[in-house]
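Pasting the structures in now, so scroll down.
Next come two complexes, and both contain subunit A; in the first it sits with subunit B, in the second with subunit C.
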Partner chain A sequence: MNETDVERQRVLKARAAVLAREPEKSGAEGERIEIIEFLLADERYAIESVYIGEVYPLKNFTPLPCTPAFVLGVINMRGKILSVVDLRIFFDLPNRGLSDLNKVIILHDGGMEFGILADAIIAARWISRSSLFSSLPTLTEIRAEYLLGVTKERLVVLDGGKILSGPDIVVHEEV
Partner chain B sequence: MQWFYDLSTRAKIIFSFGLMLILLAIIIVTAYTSITAIKGAQRELVQSGFQSVLDLVEIRSHQNHTRAEMIEMTITSDRSKLQAMAQDIKERTSNINQNVKALMELKKGDHKFITKLQELADTREAYRKTVEEEISLIFKGKNEEARTLGVGDQDNRYNRIRDITYELGKAEEESARQRILQSDQMAKTAALVFLIVGASAFVFCIVVTIVLNKAIAKPLTEITGIAERIAAGELDINVPSTTRKDEVGLLILMFRRMVDNIKGYALTTGQIAAGNLISTVAPKSEKDVMGNALAIMGSNLREITREIIEGVNVLASSSSEIMASTNQVASGASETAVAVSETSSTVEEVKQTAMVSSQKARNVADAAQKSVLVAQVGRRSVEESIVGMGRIQSQMEAIAESIVRLSEQSQTIGEIIATVNDLAEQSNLLAVNAAIEAAKAGEQGKGFAVVAQEVKSLAQQSKEATAQVRTILNDIQKATNAAVMATEQGNKAVEDGVRQSKEAGEAIRQMGESIDESAQAAVQIATSSQQQLTGMDQVALAMENIRQASEQNVTGMRQVEITVQGLHDLGQKLKDLVGRYTV
Partner chain C sequence: MTDKDAEFLKKLLVTFKMEADEHLKGMCSGLLDLEKGVAPEQRVELVENVFREAHSLKGAARAVNLVEIESLCQALESVFALVKKDVLPTSPGLFDLLQEALDLLTRILPDAGAERTQDAKALQRQLISRLEEAARGRSGESESRGNGGETKGRNGETEKNRNGESEKRGNGEEEQMEEVSPIPPLPDSPVQEVTPLLPLSDSPVQKVYIRVSTSRLTSLLLQSEEMLSAKLASSQRVLDMRTVGTIFGAWKKEWARVGPQVQELRSYGRGAGHEAVDRKRSLARLLDFLEWNNTVVTSLEARFTVEVKSAERDARALGSMVDNLLDDMKKVLMFPFSSLLEILPKIVRDLSRENGKKIDLTISGDEIEIDRRILEEMKDPLLHLVRNCIDHGIESSAERKAKGKPPRGTISVTVLPKDDKVELTISDDGGGIPLEDVRSALLESRTLSGDTVAELSNPELLNYVFQSGITTSPIITEISGRGLGLAIVREKVEKLGGTVSVETATDFGTTFRIVLPLTVATFRGILVRLGERLFVLPAMYVARVLRVKPEDVKSVESRETITLDGEPVAMARLASVLELPETNAGADAVVLLPMVLLAASGTRIAFTVDEILGELEVLLKGLGSQLSRVRNVAGATVLGNGQIAPILNVTDLLKSAVKIAAFSSLRSLDSATVSADRPRSVLVVEDSITTRTLLKNILESSGYAVVTAVDGADGFTRLKSGTFDIVVSDVDMPRMNGFELTAKIRADGKYGNLPVVLVTALASKEDRERGIDSGANAYIVKSSFDQSNLLEVMRKLI
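Here is the complex of A and B:
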């Protein structure tokens, strides 16, 4: 009973902390962008929401033959056939055991449209562009290329436009 | 006469009876010759005299018949009668011929008679021929001629035949008479001879008898008298001496020797009877039965007397030893009496002990009966506990079932939580999508963004709530699993309990049986010790009897001592008695 009380206190305190958080100052520090924060292989990533059509639970995907390893397959989303890319393989991220990978984030820029896999969608939030730091030297080359910046909280913000227009991700393969 | 006495008896008898036999033979021969002579004379008389007279008479008869029939034939005309008569005449003629022939044979030596007979035969032949002629004439019917032929010569012939037969008959009668006279004379002579010889034999027999009587019977009678006296046991006899050399003389001589022998044996026997066993008897020969017997008797008596002396010595020493032994036995009997008294008191003590043990055994039997009751109660309790364990088992099973159901239901709750979680996730996604859409709308979408933010917050909260529920559910599931395990273990424990209580029940049942058996055994022991007590009583009684018997033994031994003393005295007496015999 005591433990339950302690737990409850903790939960309430956490909520209070969240509510007490100071909202980001808008305008003063320049352009603000809305990002969608997500988890991938135990790391937090984010993409600008302007490149995001919607988020969608992954179900009934069909593997495609004769595609590179990062192409997981295709899904049917309300009648649209979209390819799904696994960024872990694309970015050569180390495989750290199992992950959910049950969410698909649909990227689009009017021309390209495809989904990327995510473990979980955390939230949508606003950040100022100026608060982003340039890429870390430790990041590998391919990741650095598609990177927009890193926040103070070490949130990796990916450049959706580059991913969408990147030559590497376009598959030209003939069998 | 001495030579006769010197002859052996056999010779005497043969001599006397030989003479008698000779006389008898003379008589027999004389008689036989006389009788044979008389018999011959008589046969001759019958054969020649008597037979010839009969034949002559027959011839005459036939002749007369022939004559008569011839005369009848001449006067008869009946043919058949004539035939019969002729046949008869023929037969008679052949008869006459036969008679004549027989006479011829009979009187072969008598010339005078034969001559006459021949004349008769001739005459008869002539007569026969004439008769035949006559018969043939008669058959021819010439009866007159036949009659003529029948007279004259034929008549003469007939007369002549009759005369000759008469003459011959008379001569035969005369000669027969002569012979009878001769035979009478012969018989008279034979009788005379017979008489003389018989008388002389009679006289001789008498003489021989007297002589034999004197020579044999008289001395035998004398010896018989002596033998009679010897048989009566008299030995002081003088047998007369004799010079005779025949069997009687030998008999007298042997008799003397026999009497001497018997006298010698009697003397020896007398010495033996007087106790002198040293003298020995020399038997006369191997076959001297009495001498041998006396010799054996002497040696046997010596042997026996020696053995008796030894035996008497042994008897004397043995009786001394027996006396000593009897003394020991008497003291032993006294000791036995004392020991028996001690044994009797011991038996009394044992009896007391047996009584105590009997009492104890009865107590044990009672205790065993009580134990039996206790064991029965215990058995009933164990049976009840088995039933209770069964009930516990079924309840445990019910509990396990409930827990399993509970587990299943928590599983269901888990599924529901998953669904709720999913819903929260989806709500979260919806909130994100709503935020994206709000961003797309720009300034107008700001309010919507706030709603989206709230939705997202709700989704977050519900997710946290589900997480908490899941945690709790996990705890519940763990607890349920533990409960399942516990019930499982409890079930096993209950099973073990059931089994153990069954085993305990079995053990108590066996214990009950054992106690039953012990109770029975205790009862038997009680009975046995009761019997033992009775037996000890009997033993005590028997010991009393034994005590009395041993006292009687002591008394008896005293009597035996006296008897043995008497026996010892007897042995001494016997020793003295045997000492009289010199071996």
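Here is the complex of A and C:
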């Protein structure tokens, strides 16, 4: 074995070790959920992956007139038209500078489907539902009804189901 | 039961419900025809049919273990068997009882298989015993109704008969195969029969029919409609390629111009001496290269021309393929009107009973086919109009007699093809719409001034019956009279791209005419531009496009109007109706204002736009489930270049325009004059579309003229094609980052001191230093971005 092979073996072993690591204390009691962690205006959030259809790069969008400010516009997703929501505005989060927001996470559950803006996708991982704490009022400005909980690393896990089914997100306006 | 069995039973139940629905409809329409009275030989056939339907339904119910339905069918069948043998005369009471039984079946079918309440069971037991009593020869109308006709008892015979019949049976399943309803049921059942299944018999060429669920067909249609964007895209590609092709022309011209110089150079090389030989050699090389270049470009051009030609051919072929496919797909989803109109006989029968009126219904042209989606949408408007006829239109028999009219009223529903459209008329021979009542209702609603109302002519007045809140019915009944129905009818019809009108004559009746398109898939639209945004206006609402001189815009009662064919027409600005910032497209001198005259629901308003780009074929798409209804926007369409353009809702636009006019005062056109100074121009270079749009909006609303670029390389190209006062650039971008762009600008003497502002997520000291090193004038960190800060920095730099 030459030098590079040794090096290669070492890297592969290290990777195998990471992969073989016991997932975060598979808490005896408890349902485990897969979450996708993403960056939104320099803050990290997560959402259950069951509600995520796909992640789509935002190359172009068409703004729509007469819609609430939280609706960025619509995108053409392989021939299907889908609306994109800016959660920062929907949640009334204070404006924290300029961020890229060039990813769209498509949320769906049965009937409802729309995209939310994100800066970047960080990771996907499994957590135990019971490991979530209910949020502290000072931790995030997001209303408690849309939160699933907070991990011990202070990662805010959004309730995808509530966001999708909440009455406030649906736009239905007559003249 | 195991899960698998349960799953299987569930599937069986779905199939059963579908089938049962058809049998029920068959029985129902058969009974209605029988009740109307028909010729003896036809009667035999009808009775036979009804009997078979009941029998088949019983068999089907038994197969899926639905004892309750089976027993009800058994009772029905016994009655039919006696009618068939002519031992039980039919009476109005018997028909009522039978219809009641069918109603019960219709009600319990959707929940078939589920546990039912005691009440429901008791109701069914009571109905079965009433049916049995009727079969035993007693009146069909039991004690609860009490005014039935008489039938003499033939108990023994009936009993024997019943037993005989039920023994013979048991082979119901085979018989079911022949049982088909000729009319496909509409929306309630997921799978629909397209054409009657003919028994496999003598005819040599058998047409074969299969059942395909409409949801699957609809999804196929949607996918075929998607192909339309492929067609549009490919013609767009051809256009793009032609544009590229013109570059060759420019090149040719240039080459022709330098041709003499090249020749001259060739001769220049001639001469003597060492130097001359060297020069000659390199010159020859250069000239060879130029010649080679010429050959390559020329052959490239030839090749490209061929490619453009074949692309054109492909686009054409694809175009006709897509058109044919769509045409055929639409035909697959065409349904006869009968599938919608078949519900009417029963409704007319039941409602006229409730109202104590005698009404006949005639239907004609129901074999004409139309897009299924239109039929579905038309169900409510149709029911509403028919109810109106029964409730308000047709008088009671006594009233009719007093007027010298036949005691039975008639409602006729007629379908007629009309060019590429269909006309559906619903008329009654009743009392007509009392116009004076409409006038007083209109006065009461206070939508118009008293004088205006008094001046309205009859046809104008009639138009107001479609306005919500206008009802002439003095009492609000359960059926109609709330003054909302006709407004909904019009909204639905217009949404489908159709029109509705009404004619009425006192004591002669009322006729509603609805003209509908045959398909909903695509329509013509007018593409307009507002600033940089594109919108589509459905062509069917565009009465005209026009150009108006600014001085011809006059204010009447402090509202802007234009004059068209000698008549004043209200004017509105599309941008302000859509709540968009007012744009000033023409900038220097607006010679003529482009306008689109929109007309719907009897209102017409001219809307100003920045530009009218042309007419195109569009496919209406929904905006997704989150945008359930957006004011003024009906949907969106994908243009040939893949861009989305919102399709505007004209009915909404007209309403919004009226609303805005009511609140805003006159604003003269020249208030929008541009300031004398040329606006400062900014080049924004940023790869994220959201940030790019945000920066553009901030800068534009502060009075800058903004051009955007998607990365450094694009930015540098744009920089060369225009004049800019300042560059605002992101740092982290593909192809060429902000540092490289800045360095490149600084290296090019032409731009010398052009100020560059870097806006970046990189906040470290090193990055900042690097930015300054590359020659940027300012460095703004995104995390602490604040628009006033950016504007402040920019003001300092220019």
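Assume the second predicted complex is superposed on the first by the 146 of 175 C-alpha atoms of A that agree within 3 Å, B and C clash if a C-alpha of one lies under 4 Å from a C-alpha of the other, contacts with A are read in each partner's own complex, and residues count from 1 in each chain.
Following the convention adopted for this analysis, a contact is a pair of C-beta atoms (placed from the backbone, for glycine too) under 8 Å apart; a residue touches a chain by one contact, two chains touch by 3 or more.
This is a predicted model, so every value here is computed, not measured.
*Asks:* Between subunit B and subunit C, whom does A:S83 touch in the aligned arrangement: first, second, both, or neither?
*Replies:* Second partner only.
*Asks:* Taking the superposition as given, does A:L93 touch the first partner, subunit B, the second, subunit C, both, or neither?
*Replies:* neither
*Asks:* After lining up the shared chain so the two structures overlap, which partner does A:L39 touch, if you call subunit B first and subunit C second: first, second, both or neither?
*Replies:* neither
*Asks:* Which partner reaches more residues of subunit A, subunit B or subunit C?
*Replies:* It is C that touches the greater number of subunit A residues.
*Asks:* Report for A:F114: first if it touches subunit B alone, second if subunit C alone, otherwise both or neither.
*Replies:* Touch status of A:F114: second partner only.
*Asks:* Name the contact category of A:V171: first (subunit B only), second (subunit C only), both, or neither.
*Replies:* Second partner only, subunit C.
*Asks:* Please work out whether A:A124 is in contact with subunit B alone, subunit C alone, both, or neither, and reply first, second, both or neither.
*Replies:* first
*Asks:* Per the contact definition in the header, classify A:P65: touching subunit B only (first), subunit C only (second), both, or neither.
*Replies:* Only subunit C is touched by A:P65; subunit B is not.
*Asks:* For the complex, give me every residue of subunit A touching subunit C.
*Replies:* 42, 58-67, 71-72, 74-76, 79-83, 85, 96-102, 111-114, 117, 169-175
*Asks:* Given the complex with subunit A, which residues does subunit B contribute to the contact?
*Replies:* Within the complex, subunit B contacts subunit A at residues 425-426, 428-429, 431-433, 435-436, 439, 452, 456, 464, 468.
*Asks:* Using the touch definition from the top, list the residues of subunit C that touch subunit A in their complex.
*Replies:* So the residues of subunit C touching subunit A come out as 226, 229, 533, 578-580, 621-633, 635-636, 638, 642-646, 652, 655-656, 659, 687-691, 693-695, 759, 761, 781-786.
*Asks:* Where on subunit A does subunit B make contact in their complex?
*Replies:* Its residues touching subunit B are 7, 11, 34, 36, 49-50, 52-57, 103, 121, 123-124.
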